[in-house]
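Two complexes come next, and they have one chain in common, chain A, joined by chain B in the first and chain C in the second.
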Partner chain A sequence: MAARRRLWHGLRVARTLWATQYAYMLEYRAEIALWALSGVVPFIMLGVWSAAGTAAQASGFSQPELARYFLCAFVARQFSVVWVVWQFEEDALQGRLSPYLLQPLHPLWRYVASHQAEQATRLPFVLVIAALFFLLQPLAFALPGPGRALLGVLAVGLAFAINFLLQSLIAACCFWTERASALERLLYIPYLFLSGLVAPLESFPEPVRAWALRTPFPLMVAFPARLLSGDPFPTGPHALSIAGGFGAMALWIVLLVPLLVLVWRAGVRRYSAMGA
Partner chain B sequence: MGRYLRSLRRFWGTAAAGQMEYQLNLLIELVAMAGNLAGSLFVLSLFFRQGEGLGGWSWPAAQVVLGAYTVLDGLTSTLLRPNLSRIVTHVQEGTLDFVLLKPIDSQFWLSLRTVSPAGLPELAVGAGLMLWAAPQAGASLAPASLVLALVLLAAAAVILYALWFVLAATSIWFVKTWNATEVLRAALTAGRYPVSAYPPALRTLFTLVLPVAFLTTVPAEAILGRLHWHWGVASVLVAALALVVSRLFWRFALRFYTSASS
Partner chain C sequence: MAIVRASGLSKTYRVADKQPGLRGTVRHFLRRRTRDVAAVKGVSFSIEPGEVVGFLGPNGAGKTTTLKMLTGLIHPSGGQLEVAGHTPWRRQRTFLECITLVMGQKQQLIWDLPPLDSLRVNAAVYGIPDAIANRRIQELAEMLELGEELTRPVRKLSLGQRMKAELLAALLHEPQVLFLDEPTLGLDVNAQARVRQFLADYNQRTGATVLLTSHYMADITALCPRVLLIHEGALFYDGSLVGLSEQLAPWRQVRLELAHPLPADAFAGYGEIESLEGSEVRLLIPREQLTASVNRLLANHEVVDLEVSDPPIEELIGRLFRQGSLEAFR
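What follows is the complex of A and B.
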């Protein structure tokens, strides 16, 4: 009985959070559209990769597959972008964090809700960009089967979760240093080069790929992009597979959640409000 | 003129002294630069694994282009980002009024008020990469081609500056244009590769609409000693035009400035 009431209460809190954050994000539609556009890097890289024909073919990509891969990498990135560290840093510096900490709701849930609201605002822009892309590259047009599409959406959601957990871990460093966003820059570099955003993992030399697959980065872009594209997964040693990818994602989440809880608790104990 | 040079020395002296307070930030910048360069070289090397090359550029020649990109990126961190990102804040908070009241040219003040030494190592490493890779690509590094490369890099810097400044100046109408500069930054990463590495449609786009070709490919060809003279002339002309346009655009924008909260 008590459990059911708590679940009910949780749902109501979530609905209110989503509704307010969505209304807030709608105000910033134009900015979010520009932000969606600033993810053009996969399209630029598609240009280089398709002009350098043999390098792509040697990685097992036909031209339409390559185009689909980079489009899906763009989509995966759009819905797993995380900016919690900047928001959190600002809230901490401006003193807004103190009232949040007093509320009977973990502050991170508020950020989760605002990220999800922002993704909902982004959706129409991403659909327009994808439609334009297929108009320009009609040969690349193909939709994944319903099963693959569902798995793809699930993978994007989990990629967002891993990204969010990693960045929150850095954000929690705000309790110790005021400029945690500088640390985020360091996390972004391996993400950019190893996630599959600028080059498909299949084009990496064997040892680098084996090493990259031990990091969470390929799970954030390359894996969901492959699922969304509907194209078959590559075979051979050191290759991502559907089961392996989801297993690794679960493992990272199981690892990161307790770590974040511990760091957060230690940080709050150390926290002594800005300017107070 | 002398007054402007004296002001500049004061501006940068205080800014550098302020930045030196944050040594940890400097260290993080250094690590980030090394990581970025290593990653860019790695991705570039992926195109050369099959031995075909990138748009007719050899591996060392493509590194020269990456070097030019690194130089401009360093310049962006040193001068453009610290200064031009503040225009938005000035408009938003109404402090642009104070800038306009100063007895000094407002575009000069806004563009060169501060400097961030954290970007200097990147500038040096980019120049080093250009000088190291060019002889391997068969360049003789004759003084004439070095001077030409330097002039064209300066022209590239002016073009880059004008693009950023015009975009930042639109904040007079739209207030929040920070994300627009992010779009520009993302699109400019195309300069990591020679412009001939792109399909024809993008090549046209990167030459005529978004002049990425003038930013990195043209200076790289100059240091390699294989620049067609008309590209060099075009680059300088585009730079001059960009500077004039940024000037006129700022004058035009100011006519619409009505200060915050009024």
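What follows is the complex of A and C.
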């Protein structure tokens, strides 16, 4: 009975937070459209890779597959992008974190809701960009089957979860250092190169690929992008399979959640409520 | 049984110590120096349910740090603390549901949305059923004289309207203990008076306990029969406002209007002359000598009018904080 009540309470909080954050994001729809447009790194990389056609072939991609991969990388990035470290840092410095800490709801849930609401606001812009892309690259047009699409959406959701947990860990460093966003730069460079955002994993030398697969980065872009594209997964050593990808995602989440809880608890003990 | 109990409460911050200029910057970069600052030093007090207590002290005295410890925002460095039967820094759900903190310069309302959106979030977070939340919003909005402001974006509200909406948001869950840090800061005189009246009514109606800090003495005199006076992190006074006035000013002010002007030495032996202008004289007479001195004044001089008054508490506290000295309490 108590569990059921808690569940209903959780659903009500989630629904209300999401609806409120969505209303808030709609106030900034023009800004969000610009943010969506600014995430075009995969399209730039598609241009670079198309020019170097032989390299694309060497990594086992046909031209339409490569185009689809980068479009799906763009989509995966759009719905897994996380900015909690900047928001949290600003809230901590401006004293806005204090009222959040005094309410019976973990402050990170507010940021989860605002990210989800922002993703919903991005959706129409992403659809328009994808439609334009297929108009310009008609040979690349293909839709995944419903099963693969569903798995792709699930993978994007889990990619967001991993990204959010990693950034929240860094954000929690705000309890020790005021400028935790500087630490985020340390994550951004490996993310950019190892996630599959600038090049498909298959184009990496084998030792680099093997090493990359031990990090969570390929799970954030390359894995969901492959699922969304509907194209077959590569085989051979150091290749990610569907089951292996989801298994790795679950493992990272299981590792990161308790770590975040520990760091958060230790950090809150140090909180000095500056700016409040 | 006390609802707030603090015993030997203390808080020490470690702060960076940097000298100005390029040399200081380089030295600070190479070898960071820190020092410990004791913001609160062994403060003890208790507050009974339903009390309204004023927390006084100059800037940097340790008021806000104490409030932060009482609400559980920061961990004390030492001492014991209990609020509504809970240890605040554990921030258990049951504790958070029975307290609120309102900070005059900080807001919890979402800036670009109407207050009603933030109120809906609060109702969900505190698990208040919609019907009850709506009823409370209506009641509190009436008390605070808020109407269509609740459906206007927060950024479009005046400071006074915003503070009233903040109060509404902070009280929606009907907390037992209210911590108010400068709730009238920056408001105009009318808005201040309305907020004060609301707080008095709210306390009467719900029996909530209130701990209030304010630089406006009018807030304290209107709301707080009891005050705590803190200076440099230490508690110097805990008692009634009247008692504080007596301790800060162990004399009373006597204004006399005489039939004829008299020289200053005619008043020697009655008390200290505060001012002498024509036939009007103001004397400061020790409280214990007041009756005898007034009798002698009336017997020895031709008095047209006489008025005995306490110096305004605002003036006394203001003088105290300006001087930065609390010798009277040592």
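What we mean here is this: the second predicted complex is superposed on the first by the 274 of 276 C-alpha atoms of A that agree within 3 Å, B and C clash if a C-alpha of one lies under 4 Å from a C-alpha of the other, contacts with A are read in each partner's own complex, and residues count from 1 in each chain.
Please note the rule applied: a residue touches a chain if its C-beta (ideal position, glycine included) is under 8 Å from a C-beta of that chain, and two chains touch if they have at least 3 such contacts.
Computed from a predicted structure; not experimentally measured.
In the superposition on chain A, A:Y24 makes contact with chain C only, not with chain B. By the touch criterion defined above, A:P99 reaches chain C but does not reach chain B.
Set side by side, chain B and chain C differ in how many residues of chain A they touch, and the one touching more is B. When the two complexes are overlaid on their common chain A, residue A:P124 makes contact with neither chain B nor chain C. When both complexes are overlaid on chain A, the residue A:G247 reaches neither chain B nor chain C. In the superposition on chain A, A:G147 contacts neither chain B nor chain C.
With both structures placed on the common chain, the touch criterion links A:R269 to chain C but leaves chain B unconnected. Contacts of A:H9 after superposition: chain C is touched, whereas chain B is not reached. Looking at the shared chain after the overlay, A:L37 reaches chain B, while chain C stays out of its contact range. Within the complex formed with chain B, the residues of chain A that make contact are 30-31, 34-35, 37-41, 44, 47-48, 50-55, 58, 177, 179, 182-183, 185-186, 189-190, 192-193, 198-199, 203-205, 208. Put simply, chain A touches chain C in their complex at residues 9, 12-13, 15-17, 20, 23-24, 27-28, 95-96, 98-105, 269, 271-273, 276. Taken together, the chain C residues at the contact with chain A in this complex read 13, 64, 68, 71-75, 89, 91, 93, 96-97, 99-101, 103, 106-108, 110, 112-113, 117-118, 120-127.
Touching chain A in their complex are the following residues of chain B: 22, 24-25, 28, 31-32, 35-36, 39-40, 42-43, 46-47, 49-50, 52, 54-55, 174, 176, 179-180, 182-183, 185-187, 189-190, 193, 197-199, 202.
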